[in-house]
Each structure stands twice: as structure tokens, then as C-alpha cells.
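Note that the chains take the letters A, B and C in the order they are written out, and that residue 1 is the start of every chain.
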Amino acid sequence: MRFLKSLEILKIPEILKTLNILRAPDSLKAKGMKYSWFRNLTIGFAFFFTLLLFLSIGALLFVLKPSEILSALLSEEMFYSMKLSMLTSSASTLSVMCCSIPTAYALSRYSFPGKGLIKTVLGLPMAFPELVMGLALLLLFGHGFLGPYFEALGIKITFTRLGIAVAQFFVAFPFAVRVIYSTFEDINPRYEQVSRSFGYGEFETFRYVTLPMARSGLFASGVITFARCIGAFGAVLILAGGSYMHTEVLPVTLYLNISYGNLEMAITSGILLMGIAFLAIFSFERFEGGRL
Amino acid sequence: MRKVCTFILIMVLAMTLASSGCTEKGESTPVSGDAEKEFEGRQITVCSGAGLIKPMNELIANFETETGANIEVRYGGSAELFGILTSKECDIFIPGDYYYTGQAMDRNYVFNESVTNLTLHIPVIAVPDKNPKNISGLEDLANPGVKLALGDPKGPAIGKVSEAICEKAGILPEVENNTIVRTATVNQLLIYVVSDEVDAAIIWEDMASWGEASGKLDIIPIPEEQNKIKTIPTAVSVYTRDPELAEEFNNYIAGEGAEEIWEKWGFEPCDS
Amino acid sequence: MSFLEVRDLCLNVGGFELSRIELKAEKGDYLALIGPTGSGKSLLLETIIGFYRLEKGRIILEEKDITDLPPNMRQISIVYQDHMLFPHMDVFENIAYALRKKLRDKKQIEAEVRQIAGVLGIGELLYRKPATLSGGEKQRAALARSLVVRPKLLLLDEPFSALDARTREKLREMLKKAISEYSTTVLHVTHDFEDVWTLANRVVVIRRGEVMQTGDPESVFKRPSPDFVAEFLGTNVLKGKVKALEGKLTVIEAEGLEIYSSDPAEPGEDIAVSIRPEEIILARETVESSARNILRGNVTGVFKKEHLVVVEVKMGNAEIKAVITPTSCEMLGLEPGRETYAVFKASNARIIR
């Protein structure tokens, strides 16, 4: 009897719970209930459309022979665009994180005039197409407006690699702010108040309490931002021109090669982008527990 | 049991979806109406160069009202359209340049006898309104400090053509030096000229004429002896499922009735 | 001048409002702040600690005006109901974090942490993460973190309300011991009457952002002044009219009952009577006693509440609560529908105006 009791204790995987694996234990969900038509219908939907999506991804993967993919991968153009993609996305992700953390913190913790406006403006790019964003950036950083001032400083943005990073920045920034904002919202401000009461200033509190508590959310938003930067296309194409082997990043490679009629290259860059997206979502789910 | 249920459900779902697709198609073709229209309920797909979008839309609308046929149209870059042609998804092939039709003829993708030239496609130099770098002719594109936007030689028809023009004029190295952006579509070139980002671009006259009309850019013609004037041909694909209708449409857009529409949108008919 | 003085404090934050709050505490006082939910008690604590800017009024601590000081300069600590232990630090780190601004020496910090851990009995838990602790353990760690800095003022915002009765009792004792060792002044917001009884030496009653009553627990408990206080403290309140005066006693007609009270009143006056549940004796039949009030009624409900039994009795138009021990409940055989007599002294029937 006593032996059985000790087994009971073993059944509760406290440590596993803290490891976040059993975040939503299935045992809590109606188990042993009669399977209703509604249940089957919803599950049917889930399977059917996921299957279609899966097939479309598979189609992309299996339409080419491995040797074709390999030769496309090893081509100079693909190398160039992969390298440039990594470089610009890393730079833009870094700057997006640096700018969106303070922005999101201000939006989450302070009330100030114009806050509602900022939130609305930051929400806009999520609703309108990236091409619009690109056109808007071209007009802003082009000759009509800010371009001459930057050029006076020796900085060229249009049709340059810097332009790629700038476009990526503006595409990803609103998303990053939103994810980090919700991370900060999830942290009770009383933690910070307690820290303040022990003599820590606002910045020290942010550094020692808020940031460490937000780290998984920050990591997740970093991953999402990176994926968004790599995948940014419309804005990059318009602002940086999308010139062959000059401002060519992965999505541009896909686009250029469609217009060249070179399907092998186009599909291979598609596969690469898909792989990056998969890795990003996988690590996002892993670290944020699927809290989208 | 559970698995079987789910499987059956998925099958049912799939079937409803498929059948609903069918009925939708059936409904979209008007069965009633006057039976006099020749091609009522028949359908073909036209692949047309993106630069032809304005006249092509009008021509298709007119053709549809006259014959009752349903014309699907896909606009794109010439090389992209060529890809669609090779995958047999296209009935009428109208690229931005004869070069592609020639390729298609060589590979037996189109009926040789159906190939007809529609209009001339004339490359011109487009400069922003007020012409900031005072460009008066092709040679000025080689001046130091001039910023150019050109089509990608591997992409749109204009890319290949502008490269050939500059080569003929012997200014290719300088021009390439001055080029700050190469694009995969002509429309992108137009954006950069209109927004003042570049000092000049080589684009098709018909496209430039829209911008000129609205006062956003100026056109500098390239003298005929320096220029490479292209023709836009139309052709019927050998894979067409409705050769009769395809033939009819092919003749229609090359016919006399269509000339007026081409001219209206800045294209020069071939025989003039 | 008192050790802590809150003068004419006014504040409005997102619908919650504090108006003209006056509060005084001497060094070593243990003040219990009571009042219904949403009365602004927690807001008052967070204002004192410095998280909200006042619209009006001053806060003075140890002869220093701290109204405009940022929270990190005030030397006030707070413990919330949900502990707010930093999840990314273990218990030791949590407590040491509080000390780091005060002490530089690592050994000294460790000694201080071990000392408070000993007082609050968390010596074994120092190297565990907060997520692995029980509710009572977390709250003890939070108390340790707040006390270790020896704050001038310790604010407690319902620290025990999420715990079960036994843990609460244990924690109260520990808190009492710790406070006497670390000798701080305490402001304790609570809903729990036992907190007031066992810990506080002064009680402040707040309702709708206003101070309604102040005094030692005895006087607030025994002589609830406004209507509300009595209800909050769980006494029976009957509304009625003074019928007549009989010698030194006042005869009151309230909700169909005739009640004798020893408090003075004018005939015809509209008043209310308060009778505390624990001062009512229940009996099976009329008994001869010194108590002036003997009322007959029917039991409508019997509820266990911690180690006592609450019996509800319908008398006249009123429902009266009485608190008795489980043993006497069993002896009397009280169950719904049973006839019973409620007996209480005239001096226990207090007139509230």
C-alpha cells in the first residue's frame, strides 16, 4: 500500500511541468466523452486543410531532382543571395530588437499623449501590403524628401544593401513591437515596483528584473523578426531595386528567376525560405509554448 | 472506429469541396441569353506582356461582348510567360518582344502561320519631369554622374533591348557603370523615373506616354538608326483546347477594328 | 509629530479614488486597514510606497516629507498577496537582491539572508526557485525579502488571503515574531478579521476611498460606529425605531422584534441595533438568566466556518447569525427548521446611528 503511494508521487511530473512541455495537459480536455459530430467536424477541418498545406509544401520540395537543387544551391547567384540575406537580416534584426524593446516598454508601462496614435500607426503596416510599404519608404528616403540629407552625410539608402536592411527594418519593426509588447504586458508591473522599493532605479529594475523575466518572449520575437526580415520582399524590391547580384536577397532571387523563367533557381530559393520559416516557427513554438 | 469516422469525414469534406467547385464553374457560364453569340460559354487563356495591360483589357472586353466567349488573361514578364506557355497553360501567347515568339516557333510551341505582328514596340529614353541632367540623346546616358535604371537583360524584353542599343552605340561600359538599379519588370523602371530616383531609364514608348500625359516625365526619342524597334507578335499555342476560338481572338486583336484601341494607348500599329 | 503621517491625501487612478485620507501611526505600530473590495486600500498602499503621484496631500515618514521622493528613496517595503518573487532568481537571490543596494559585502549579505531565513523558517528553501514552493513558503520568502532590508515601514497587501486557514495561522505567528525582531512599523490591508485581532494594535476602516473609522481593534470591534463597519465586521444589524424608555434601558422595535439595549436614545428615534454573533447564546428553551433579551425563532441554516459553527435563525422579519462551538451545536441538536431561543444582554445590543 505504501509502495503504491510512493508511485502516486512519481506520477506527477512537476519538473516536466516547469519544463513547459505539459503546458496544456490533454487530460484536462474532455476525455472519455462520446465523440460528437461537432468534434469530428472540427477535427476534420483541422486535418483537411493542414493536409492541403502540407501537400503544397511537399510539391515545392519534390518537383525538382536532388541534383538540380544541389546545383542551384551551389550556384554563385544563390551563394551571393544567401550571404546577403543573412547579413542584412542579422543587421536589421539587431536594430529592430534594439528599437522595439524600448518602444514596446514605453507602450506597455507608461501613459503619455499620443500613445493611441503610435499604436494605430504601428498597427497599419500589418494590414497593408508590403509593396505599399516599399513605395512609402522609397518616397521617404528617396530624392523627394530625406534622400538628399542622407546623401550629404555620405549615406545612400535607395538601391543599396543598406536599403535592404532599412526595408527589412520597417517591415519587421511593427511585428516585433507587438510581440514584445505582449511579453511586457504579461509581466506584472508589481515586480518592478517591488524592485524599486529596494532602492533600485528605473533602469536598474529594467535591467535586473524586467529583461530577464521577458527573455523567452524576447527570444521568440527575435526569431520572428529574423524570419520576417529574411522573408521581406515587396518593400525590399521597391526600395533596394532588387538588382541581380547586387541587391539580391533570397525572395528577390525567387522573383528574378521566375521572371527569367529559371524554375530550378526559383524553387530552390523557395525551399530555402521555407526551411528558414520552418526553423523559426519551430523554435518559436518551442520557446513560447505556442503563445501567438 | 474513431480513425474510420475521421477518415470518412475527411472524404466527405473533400467531395463536397470538389463538387461545389464544379457547380460554381457551371454557374459562371451563362446558359441563357441570346444564342446568336458565336462562342457563348467557351473559354481560352491569353498570356500577355505586362506592358500591354491597358489596351489588352479593352480589347478583351470588346471581344467578349461581341462573341460571348470568356477570355482569361495573365499578365507577366516575357520570360515568365514563356514558362507558362511551355507548361501548356496558355492558348494565346503575346510576349513583349518578337524574340520570345521566335523561340516558341523554333520549339514548336505555337502555330507558325498564326504569328502576326500587332504593334511596334519602340524603346525611348524616359527622364523625370524637368530633365535634371539635361539628357538630349542616347550618348548623354554615358555622361559621368548620370544615374540610370535599366531592365535586367535576363528578365524583361526591354532589358535585352536596351543592352543591345547601348552596345550598338558603343557606350555599354559607361552605361553599365551609371546603372544604379536593374529591375525585373518595366513597371518598376517607371516608378523610379516618376519618383525622381534616377535621371533616366530606357522604357517602351507606349508606357512612357501614360506618364508623359500626366506630366510626370519627359520622353527623349532614340533616333531610328540607333534604335532597335521591336514588334509585338501574337500567336496561338499548339496546346490550345479551343483552336477555333483562339484563332478568332488572334485575328481580332490584329485586325483593323483593334488598331484604334492600340493607338489610343500609345502603340504604333505595325504597317504604318 | 507622528512617525507616519498621511495628510489630506487625494488621488484618482483609473476609476479608483482616494479622498482626504488622514492616517497616523507611531513607530512600532501595527495598523490594520480594512474595508470592502474596491475601497481603495491597495491603492493607498501603492501611493504610500510611491507608485502614484498625489493630486493633493503630503506623506511624512520619520519627520521627513517623502511625498515627492521616488520609490527607491523611501525605504518602504511591500508584500503583495501574490508574493511577486522574481521567478528567475532562487529564494536566496531574491532576498539578497533586496540587500544589494544597502550592503556591498558578500559575506554580510549572506549573513543577513541566513538570519531572516532562520526567523521565517525558510533556511531549507534558499536554493529553490519560487515556482517550486508552496503558497505559504512563497509568502514567507516574500516576507523575508521585504523585512531583510529593515524598512522604516512595511506594507502588507492581503499577504495571507490566498492561503488556507492553518497556514495563515502559522504565518501570522511567524510574522509577529519577525516583526518584533526587526521592529518595523506595519500597514496591513486585510479582509480577515483574525489578522486584525491577532496582529494589529490599531484599525483603520476605509470605504469608497474615505477613512470611516479609526481606533484600537477592541473599540472598532465592540463599538462599530457607522452602519457599514458593523456589517463588514460581521455583526447583526437590525433597523428600527426607539419605542420607549424603561428605566435605564431603551426598548427598540426592530424588524418585528422587541429588543432591549442599555445604550441611551430618544423615543421615536430611527436607529439600528448591532448584536455581535459571538455574543448571542442559543438555547433550546427559555432559560432564566441575567440577559434581558430572549427571542424565539427557527433555525434556517447551520454552517461550519473554520473551527466554529454559524447558525442562522429567523426571528420576526430578521435573520440573525449566531456563532457557537461545534460541541454546543451538537448538544442543542441544531438543524434547519428547529425552534430555538436567542439570548443576549441589553449591553450587547448596541445602538448605531
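By our rule, contacts are C-beta pairs under 8 Å (C-beta built on N, C-alpha and C of every residue); 3 or more make two chains touch, one makes a residue touch a chain.
Note that the structure is predicted; figures quoted are calculated from it, not measured.
Ranked by how close its C-alpha mean sits to the mean of all protein C-alpha atoms, the top chain is A. Of all chains, the one whose Cα centroid sits at the greatest distance from that of chain B is C. Annotation: 36 Å between the Cα-based centres of chain A and chain B. Measuring from the averaged C-alpha position of chain A to that of chain C gives a distance of 50 Å. One simple way to say how far apart two chains are is to compare their mean CA positions; for chain B and chain C this gives 82 Å. Interface residues of chain A, counted against chain B in their complex, comprise 35, 40-41, 43-45, 47-48, 51, 135, 138-139, 142-144, 158-159, 237-238, 241-244, 246-247, 255-256, 258-261, 263. Chain contact summary for the complex, chain C toward chain A: residues 46, 49-51, 70-78, 80, 82, 84, 86-88, 97-98, 100-102, 129, 131-132, 145, 149, 151. Contact residues on chain B toward chain A in their complex (touch as defined above): 2, 5-6, 9-10, 13-14, 76-77, 79-80, 82-83, 149, 152, 154-156, 180-185, 188, 191-192, 195-197.
Of all the residues in chain A, the ones that touch chain C in their complex are 14, 18, 188, 190-191, 193-201, 208-209, 212-213, 215.
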